[in-house]
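Common to both upcoming complexes is chain A, partnered first by chain B, then by chain C.
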Partner chain A sequence: MDQADSSGMLEHLDKNFFSLDMEFVMKMEILKNENVKRTYEMQVVKKDEKMRLDILRPSIERDRRVLNDGDNMWMYLPRSSKLIKIPYKQAFLGGDASNRDILRISLVEDYEVIGDVENVDGELLLKLKAKDLKTAYNQVNFYLDKKTKYPIKQEMLSLSGKVIKTIEYVEYIEFDQGYFPSRVTILDQLRKDSKTIFTYTDLSKGTDKTDAFFTTASLSK
Partner chain B sequence: MSAQAKFSYRIINENVFAYNVISENSLVNPDNLLQLNELEIVNRFFPVGTFKKNKIRLQAEPKIFLNPLDETLEFAINELYLQYGISDKLYVTFGKKRINWGTANVWNPSNPFLQKDPFRIDNRLEGIVLTDLEYIGANFTLNAIFSPAERLNRSTFAFKVSSEIKSLSYSFSYAFLGDEKQQFGMDFSLGADNLTFYGEGVFRNFSNSRLIDSEGLPEIIGIQNGFKDMNAEFVVGTMLNVLPRTILITEYRYRSDFNTSESIENFKSFLPASLASYDPISMGQHSFFGQISYMDAYSKYNLSTNIFYDLTTNQLLCSPGLVYNGDDFKLEINPFIYDNSLSIYDFQGRVIFSFFL
Partner chain C sequence: MGIFTKVAFRNVTRHSARNSIIGSSIALAIGLLFFILSISAGVEKQLVANLVQIETGSVSFSLSDESLEGKTHINRSALDKAYTLIEAVPEISNLRERVHTRALINNDNKSSDINLRGIDWIKEKPLFKSLRFENTMPYDSVTRSGVLISRNIADKLHVEEGDECTILVQTVNGSLNMDDYRIAGIYENISGWANTMVFMNLEDVKVLVNTELPTDVLIDSENLETTPLILSKVNAILESEFKDNMDLESYEGKSMVASTIANANKYGFLSIVFFLQIISFFGIVFVVKNNVTERNKEIGTLLAIGYKSRRIRFSFVLETLVVAVISSLIGLIVFGGLTAILSVDGIYLGDSATLIFGSSVLKPFFHFPNLILAFAIGLLYPLFSAIWSTRKVRKADPITLLYDR
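Moving on to the complex of A and B:
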């Protein structure tokens, strides 16, 4: 495949998986040695370049809200009614994913393809390079199903080329005349005993939330 | 389109246990003049209820607590307000509500209504009675708040406009606080990958200080009419993500109308008569706060060290802390170590056990 194909594949991934306007419930389980140490459940709404998460569970974190308004990431703390700006590279709720991993809206915004799509062990390998240093990882390798072009695995590499995180797309469910990942695992390669599992339910395409819903002022509403 | 009515509630129970080592050499509290106890126990309940239907939100947060002095059950209202969304951009709120203006973590000079408890930022403060009109525009947010008093000229009117340019968010505010008291404020927050730089400041035509003059009397600082004679207070700070789970927070506060090294001597000379001017953390013009905190990979343990230092009065307070977060409970352990002749305590130990149902 040539460069044009690989660019088209990035756009396909972005359009169908990452930058889709949608609503869903996301369960996040943080595990150590296969034992669940912490579980969060949150309502997620994505629209254009914006994304908002409202934590539903556990009780101690209920009503905490996280917003990517396109330029910044914010966290609203309901107990103190305080709004704080959160750094991109901070661990999201302590898990293996960074804030940027969870609140990323667009692949195309952050990455560009390098080289052609390669065939590796019956899977397609799409290599992406960060457009700037603001992005959490210097390089991302996507392994895609040869037939469906759905992602199977994603490797995140540091500046030195070392794999620091792996995302595995474990299960898919039917969604909007196609399929969408319903279970995703993030493995921190630096902490082998730890992983974070995301389960997506109640998926719906599009959202009727207005732009005002994605403003810092609306987080306390 | 009619939405389904939604009622949610949560009950929060806080149990505070404090152990105090009262300083024997304190200038402020010689021979335990204030009759402070070594042990203090406070129990607080916050049953929080929220009702939402269509564009209406009704929220109530009473506070029920056992008065530690006479052991009677007391009742207060922290929040009780009705919010109505006139449209998705325009909201009006009536009732008693917490207002949280400003970007700083420990000190919030630009908030004309409430000041945080620096000992416990997460505290549930008592709101103020107000009417708040809020417009959320595409590029800015506008708040207009009226907080009534017994007479109109003692009531508070406050306005704030907030906006953002890329990673810089900022706001400007004005407050008329009754009796000709006025405050002009601004705040900002600049975000980067691993760093947030923030600040807020005000110019006031009045003073919140209670300085002691050379005669031992509280100085009367009148309302200033000229802009150049106004009192300034500002805070600048950074929140640095040292490692993914380790955060360093530093804050500096300047208050033009507070104690200099000369005026603090007046305060000391006329103790205990000047006790009303006492602040256990910082009484001078220059205050520093530093915190380094580490959270484990499961957001369960949070270890931190907090330091307050006043350059003018040499007040130093060090408070390491451990917080354990369960799914529906929280345990906070905080020792407070003081080092100054103005301190009331040499040491305080505090344990807070909270349930969230």
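Moving on to the complex of A and C:
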């Protein structure tokens, strides 16, 4: 496949998986040595370049909200009624994913394709490079299913080319005349004894939430 | 020399047993006073010395994030030009480029937050002397992409010398970078704050954090007292060269933790000194008074044959003063010598001592004014004791004293 196919594949990934306007419930399980240490459940709403997460469970964390307003990331703490700006690279709720991993809106905005798509062990390898050095992971490798072009695995690489994190798309469910990942695992290469599993349910395409829903002012309501 | 001066000097040896007891009390009290003051000064000095050597220099300046990202006019040649001007300042003895950054060190699922320090190993040779390595000095290893870690971190990661570890950092631009390094040396724990330091070759850290520039520049002087002067001279140079793009600070401005620990220790040691002085004072007064009381017959005889009480008192005071001078000198020579010996390598007290003293090695500091102070106290207490103990001689009845049992 040539460069044009690679760019098309990136756009396909971005459009169908990352920048799709949608609502879903996300369950996040943090495991250590295969034992679940913490579980969170949250309502996620994505619209344009914005994304908001409302924690539903555990009840002690209920109403904690996280927002990517397109420019910054914010967290609302209901108990102290405080709104804090959160850094992109901080671990999301203490798991193996960073805030940026969870709240990423668009791949195309941050990355560009390098080289052609390669055939590796029966899978397609799409290599992406960050457009600038501000992006946390300088390179991302997508391993795609040869037939469906759906991602199977995603490697996040450091500036020196070493794998820092691996995201595995374990299960897919039917969604909007296609498929959408329903179970995703994030593995931190520096903490191989721990992993974070995300399970997506109640998926619906589009959202009726207005732009006001994605403002910091609305987080406290 | 008057007869009573002669008598006083002769009495020093004539009452050798009694004077030995008085002398021992004075020597021990004064020697210990000097020793404790030396340890107190040593703890403070070592905390500051460690801080200056490991982290701050006498004066240091750091580059702004914009400069590191290449958004200002500060570049390699501009920095080298500034170095030339700074190094021409006569009070400055050394200039060390550093890359300071927070990082994560990892080995086989064990991680620890660290303060990564990229150092120019040739210019940082004194640093190697202030670290105590478990094995040989790892000068060459550092140049071969090795890292130097503390015993504390080695235990956390379950690693030993020669093992591999991974270091994850955020580059100056924001992206993450990671690489594997060999553990070239393990140094014995220094203190709580210093144990998180991981030292690595400057050029390797520059590659890791993706910069050609240092994050910090440390400026050393032979004498820390010249720090304010250096600060103003370097400030003038940086003002003209870089305006607001540098953050200049003296070691005192960065020594919050060290100052707090040093002050806590100083007050602790001063309390010990205070109680020791109370005990010493009453002890010396008691033995001197006892000496005078036991020699009532001698005083009575002298009064009976017509000598004036003033002269007799003078004789006792002079005798005590001679004993005080000799014993103070002996005490200071013994404890001063001990201080001098221990100040070379210090006393290794183990890691738990870092919680109290900020360092695992207790190194006394031979401070001359402390020696003078201890000597002065060594004369003052016996002098006071002798004057006070002989105050009744003026009104004493020689017959009563002669019959005193």
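In this section, the second predicted complex is superposed on the first by the 221 of 221 C-alpha atoms of A that agree within 3 Å, B and C clash if a C-alpha of one lies under 4 Å from a C-alpha of the other, contacts with A are read in each partner's own complex, and residues count from 1 in each chain.
Rule of thumb we're sticking to: contacts are C-beta pairs under 8 Å (C-beta built on N, C-alpha and C of every residue); 3 or more make two chains touch, one makes a residue touch a chain.
All values reported here derive from a predicted model rather than from experimental measurement.
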First, second, both or neither for A:A91, with chain B first and chain C second: first
Contacts of A:N16 with chain B and chain C, given as first, second, both or neither: neither
Touching partner for A:R191 - first (chain B), second (chain C), both, neither: both
Comparison of chain B and chain C by chain A residues contacted: B
Contacts of A:A130 with chain B and chain C, given as first, second, both or neither: second
Chain B versus chain C as contact partner of A:S158, first or second or both or neither: second
A:K82 touches, of chain B and chain C: first, second, both or neither? first
Common ground on chain A, meaning residues reached by chain C in one complex and by chain B in the other: 89, 133-134, 191, 194
Parts of chain A lying in touch with chain C, wherever the complex brings them together: 89, 130, 132-138, 158-160, 162, 164, 190-194
In the complex, chain A residues that touch chain B: 30, 32, 37-39, 58-60, 62, 69, 71-73, 77, 79-91, 93-96, 98, 133-134, 191, 194, 210-213, 215-218, 221
Chain C - residues contacting chain A, complex: 104, 106, 108-109, 111, 166, 168, 170-171, 173-180, 208, 210
Of chain B, residues touching chain A in the complex: 10, 57, 83, 85, 88-89, 91, 98-100, 105, 116, 121-125, 134, 136, 138, 141, 162, 164, 166-167, 169, 189, 191-196, 198, 239, 241, 244-245, 247, 295-300, 325-330, 356-357
